[in-house]
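Scrolling down, you'll hit the structures one after another.
One chain, subunit A, appears in both complexes that follow, with subunit B as partner in the first and subunit C in the second.
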Partner chain A sequence: MGGIKDRVAIIGMGCTKFGEHWDKSAEDLMVEAAYEAYEDAGIDPKDIQAAWLGLQYSFGSARGTMLAHALKLNYIPVTRVENACCTGTDAFRNACFAVAAGVYDLVLVMGVEKLKDSGLSGLPVSYAPFWGSRVEPPVPAPVQFALAATRYFHHYGLSFEEGKKTLAKIAVKNHHNGSLNPRAHFQREITIEQVLNAPMIAWPLGLFDCCGVSDGAAAAIIARPEIAKSTRSDYVLVKGLGLSCGARQALLNDDYDMVHFEETVTAANSAYQDAGIKNPREEIDLAVVHDCFTITELLIYEDLGFSPRGRAKEDVDAGFFTLEGGLPVNTDGGLKCFGHPIGASGLRMIYEIYKQLQGKAGPRQVKKADLGLTHNLGGHPGHFTCAVAIFGRKD
Partner chain B sequence: MMAGITSYGAYIPLFRLGEGTAGWNARIEKAVASYDEDSITMAVAAGIDCLNGMERQMVDGLYLATTTVPYLEKQGAAIVAEALDLREDIFTADFANSLRAGTQALRAALDSVKAGSAKQVLVVAADMRLPQPRSEFEAVFGDGAAAIIVGRENVIAEIEESYSLSHEILDLWRAAGDPFVRSAEDRFASEEGYLKILPLAVKGLFEKCKLTPRDFTKAVFYAPDARRHREMARRLGFDLQTQVQEPLFNKAGNTGTAFSLLMLAAALEEAKPGDRILLAGYGDGADAFVLRVTEEIKNLGSRRGVRGHLKSKKILPDYLTYARWRALIDAAPPARRPPLDPPSPAAVYRERKQNVRLYGVKCKHCGYQQYPPQRVCTKCRTRDQFAPVRFSDQKATLFTYSLDYLGPTPDPPLVICFIDFEGGGRMQCIMTDRTIEEIKVGMPLEMSFRKLHTVGGIHNYYWKCMPTRG
Partner chain C sequence: MGGIKDRVAIIGMGCTKFGEHWDKSAEDLMVEAAYEAYEDAGIDPKDIQAAWLGLQYSFGSARGTMLAHALKLNYIPVTRVENACCTGTDAFRNACFAVAAGVYDLVLVMGVEKLKDSGLSGLPVSYAPFWGSRVEPPVPAPVQFALAATRYFHHYGLSFEEGKKTLAKIAVKNHHNGSLNPRAHFQREITIEQVLNAPMIAWPLGLFDCCGVSDGAAAAIIARPEIAKSTRSDYVLVKGLGLSCGARQALLNDDYDMVHFEETVTAANSAYQDAGIKNPREEIDLAVVHDCFTITELLIYEDLGFSPRGRAKEDVDAGFFTLEGGLPVNTDGGLKCFGHPIGASGLRMIYEIYKQLQGKAGPRQVKKADLGLTHNLGGHPGHFTCAVAIFGRKD
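Moving on, here comes the complex of A and B:
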């Protein structure tokens, strides 16, 4: 079984500002992201041989044709991918396989979401389509992760105050990083007191423990390394890809602990194996992870092997994950501040890693950026979809 | 063999309007069902209390008595029988439209058992009548349910005789489509209705079996309110202090069709072998019964009963909460969320065993219990080798929870839990009848049948967990 390492290169990327784009449609967002990527890659749109579209919530027509129409990708194959919060990364992953297989030379991956037209607070609460008796309780995203926060505090003996303060530090860090990023949805610094005093959304998670709901799009153009060489010198290589799907274990198995998510552990292991990573804490230079809620980021530190089990709090307290720390996480503000247009988020994360590895991240630039990781987690505890991707500089 | 009562059970909701409820001016305490309860769910709770320690497969009839059915066309008894996990080859019927439906169902059950068409009939009476705010009824109507099993074996109270009268009068009525009970002028309604007819029925019974008030240990009879109850005791010739069952007006309230059976359950809790009890129900006529308590009452297992349910209570903090629960005010939802879709009747039907009977499975290979039923075992991946397991009467503990302050509920926050069952298995469910400050990881829980929501004219029932009561 051959891994994906060094078989695919990113040669161009684009990403819109994320936020409440009352004056932009999904088409506008896709055109902006795609043309930035075209320009970055220095290619002619006509050279694109196939495309993948990541889109979670469909409003009307949501097929590959939606992307084809926006960009006038005339009569080439376009596949729509929907896989919860991993949608964007999974679209990217499938495109990588097509390129690595040698079927295409140059392909486009687009992730887009236009959430703010829905008129809803938060995300639409969706039921599994085959659970038609509607007896499953409504469990919106904040509740899903609050369930883990309650258990994590209990399991490790953190008082409510200690737990909340640890989580607050993660929100403060991500807001700081977001404040350095003109494309982030939120660009304001916040204080620990603001986080602690914010209204409760899903106890124990308050308003500032939750990420933004945003509109946005991000795009990547990928090619085999031999082709990448002819386009630019600083292309970025895919080093590892992992995807893991839960089978409702947290909901069925009374030994599922809810202080870690096995989907992250297994997806990361698979990507680490591809990339040949043995000690992620030491080897990975920076990570952009799925901080849909502050507690999620705390668990991710442990599940990705950045912090020992039960000890992520110590690393948070020590500032290990800040821009200046040993392993900066969510350098671009994360979902918390950059915002979370579901289908676009995975590609937005890759965009940040791509820019950091190229040394083009401006005031957010981390000192050493040779190996970066992205991570998405979508769905519901026990049946998450988790995607982990690892990227490296070409030399 | 004699026919009579073989078991009894009660259900009184946890919440009360009373002293300490802001905006509640009546000087009484009464039980109010939560927003997710109705006559069906309360009937199920009383039925479970009554069936405690009994073999549910032995029940071969279920009569549901209520004036507050959720469906005008669709049987309530069938839903209750399903939730109680009774057999399917049983006779079920609704007794409705009269406050006397409780004693009518009892009479019908007695006749069925005597005729031999059924061996054990479960009679469940439940009511949740909505009084018009600030009406005279608001200080009286309470919510609750009672259950009685009528049979021939292990009879704890033989029903020696019965007598009924039918009487047409407009004293109380609730027209189709009207949410509230209406009544005739007070003096007329009492004098020509209740105070006249119930004594006539009791007199008829006494003549039939040659008994007088002196022959009775306890008199259990319906009354519209506390004053009429005292007046009736006097008119029937019972000593109020020693011979009359306490009517619960300042505890549960007038629970409609359940009222006389609930008082009977309370009387049986204190009864001794040899006691003779008068039971009388009123509404469009009257039913009267003579019961004789047997030695068998000593062998009846423990249950929560009236006493247990009365002891475990929470006073609602304010009338506004009650008004929201009953949709007396149109409160805005806490967040903008998409409207609920109605359930698919096909899916509700297909999943009735797992949703209404709350059955999961136990893997025959590895022994692990799981809910809902799976095709492939979550632990050992063995395919289709499962035994059915009922979870509705299993104890559980709270594994983790969250309080959803934006969730769609008339009583925010919505408490979403993962619970672990005593015998293994986990379920994600809503916690009801909870006090937020008392919720703790590891707390003991029990399951309770509740109405999740009503969408598109469909009442969707399911189980929630709740802190173990009292």
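Moving on, here comes the complex of A and C:
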């Protein structure tokens, strides 16, 4: 069992503005993301030998031909991957395996989702029935993560006011970062008071503790490093990939602790092992993680090893995860400002890390950006799917 | 761009009986297929390091956790692949890339579908809307392939009677093979007269020209050959893999010929190149192909290079594709007898090739079985997805 470290390079990326794209089709969004990536990589679309498409919702079938048709890539192989909120990153992961195996030289990975005009919000329908399977009762996502919040507050002795304010600081941080990002759906700063006074969605999570609902697409062009070096000097290397699927039914079990998600721990450990990372808090320079709710980001700090268990509040209070902090998280604004067009989110996160590692993140640029991490978490407590990917500068 | 030849081995497989499984869940079917594969490979389920799940229908999300949960494979990575009728084979293909890249040592690939109690037949709903995309009007699958049949008859000067009888011989052959297979949904022989006199579904295709609707699951355990050889002496090697996605809108274009499907030609060429096959008619010993309709199998003979263009009828008349013929096709009974539980079909086909190459196909065993091929075709004329895979005996 060998790692993926330094065997795959990103040579180009593209990302649409995320938001309400009532006037654009999913195909339009794919074209926009792909052509930015082609131009960034300096390649001709005809040189693409294979593609992976990350797209969640389908009501039947969402197949590779959708990408082939949108981009006029006739008769190339296109795999469509769907894996809940990890869809985009898992499409990227599978494409990396094909490149690392030497099967294709130049590969396109696309993540896309049109949520606004789908009739789906991405939240209340997150329970997906599986014919003939025993699954737990449908509990909307805000309620599931509200359970984590109340349990975390209780477990670590935070009052409602303390806990709520800690979460508010995460929302304020992410909105600040989003205000510096022309591709974000929401580009306005918010205040702690706005978060605290916002309508309650699922106690203790209010409106600003929840991410939005958006449309968007993002794309990457990948190749083996020996090919990458002929295209540009600042390509970005894949350092580690981890994926973990839980197999429990948390809401039907009494012993689920609800203050950590083991899927994040195991996916991260796998990626850290690939990348040779022993102390993520010290070694990782920045991260873009799955803040579907503010409490999720808080738990992720601890599950990724960025904060000691129960100590994430101290790091939040100290500004450790801000743009100027020791380990900036969600430098692009996160799900909080981008919303979560499911298939696109993973590649949107990789786009931010890619630009940061190249020193091209403009007003959001962090000082030290040698090693960056992305994280997705989808599904439900006990049977989440979690993807962690780590990227590094070439030298 | 390097091939996949001899870099991945199948060391175990399982396949449920296909049919009406009203009393079994998709999880039950996955357990049955997986445990047959574990036993066949002589491995402990705990040794599985990663898995791929092929499953088409979801109405929302069908994620890797479904397999993790069914098989109690807690915290392993599971990718769910969906690619129309190529779903199972494309899941297998992606798993092969990960194994060939050396990322995992022992990998499970599962294909499953419960169609009977889904409210879906697999046929009338084969048109899948894609939000915001321009797609052609929904035309049921039997009608699409009926267009191919009438056009083929016209193009090659076959009367209705000649064409219909040729197709009937394909149905009779596949039902004969299925009658020898205890895992097939339909295990009865039929006669030419029954086919000719059956109710018309979409002229000229009658009831027995169409495949059935079934539930089923099939699974494979794969590893690199150096690991495979420590488990068994008769493992089967992957010799070639091809996938091709069309990007046209045939039914909106006048110039589509409807007497061949370019996706099959291009996917096969890719797999033949991998496997070093120059003359498939001579070199391939047997094949299991996508006979969703009898006309599809007829076109596939020519698109795979088994018959010269326009000459498949002569080969059918000569019995070239029967169990005793020069190139037996659909030795297990095909979609005709297995139905087409979408995610499961590709792995069901591989199961048959695997058993034939090991000489374990019982009354269906073909005389020479050194090199076998599987073929799937999904979607619609002009934008089909096609997967071709080639397998060989170890020596």
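Annotations
The definition used in the following text is that the second predicted complex is superposed on the first by the 370 of 395 C-alpha atoms of A that agree within 3 Å, B and C clash if a C-alpha of one lies under 4 Å from a C-alpha of the other, contacts with A are read in each partner's own complex, and residues count from 1 in each chain.
Definition applied: a residue touches a chain if its C-beta (ideal position, glycine included) is under 8 Å from a C-beta of that chain, and two chains touch if they have at least 3 such contacts.
Computed from a predicted model, the values in this text were never measured in an experiment.
After overlaying the two complexes on the shared chain, residue contacts for A:39 are found with neither subunit B nor subunit C. Of the two partner chains, subunit C is the only one that A:245 touches; subunit B does not reach it.
Counting the residues of subunit A that each partner touches, subunit B and subunit C differ, and the larger count belongs to C.
Once the two complexes are laid over each other on the shared chain, residue contacts for A:317 go to neither subunit B nor subunit C.
Residue contacts after overlaying the shared chain place A:143 against subunit B, while subunit C stays out of touching range. Legend: residue contacts after superposition of the two complexes on their common chain; A:73 is shown touching subunit C, with no touch to subunit B.
When the two structures are aligned on the shared chain, A:56 is found in touch with subunit C, with no touch to subunit B. Taken together, the two structures place residues 120, 125, 127, 131-134, 247-249 of subunit A in contact with subunit B in one case and with subunit C in the other. Looking at the complex, you find that subunit C touches subunit A at residues 1-4, 7, 24-28, 49-50, 56-84, 86, 90, 93-94, 97-98, 100-105, 114, 117-118, 120, 125-126, 128-134, 242-249, 262-263, 266-267, 270, 342, 378-379, 383-385. Note for the complex: subunit B touches subunit A at residues 335-338, 340-344, 346-348, 350-351, 355, 370-371, 374, 378-379, 399-408, 413-414, 416, 418, 420-421, 424-430, 441, 452-453, 455, 460, 462.
Only residues 119-122, 124-125, 127, 131-140, 142-143, 146-151, 154, 199-205, 247-254, 256, 258 of subunit A touch subunit B when the two sit together in their complex.
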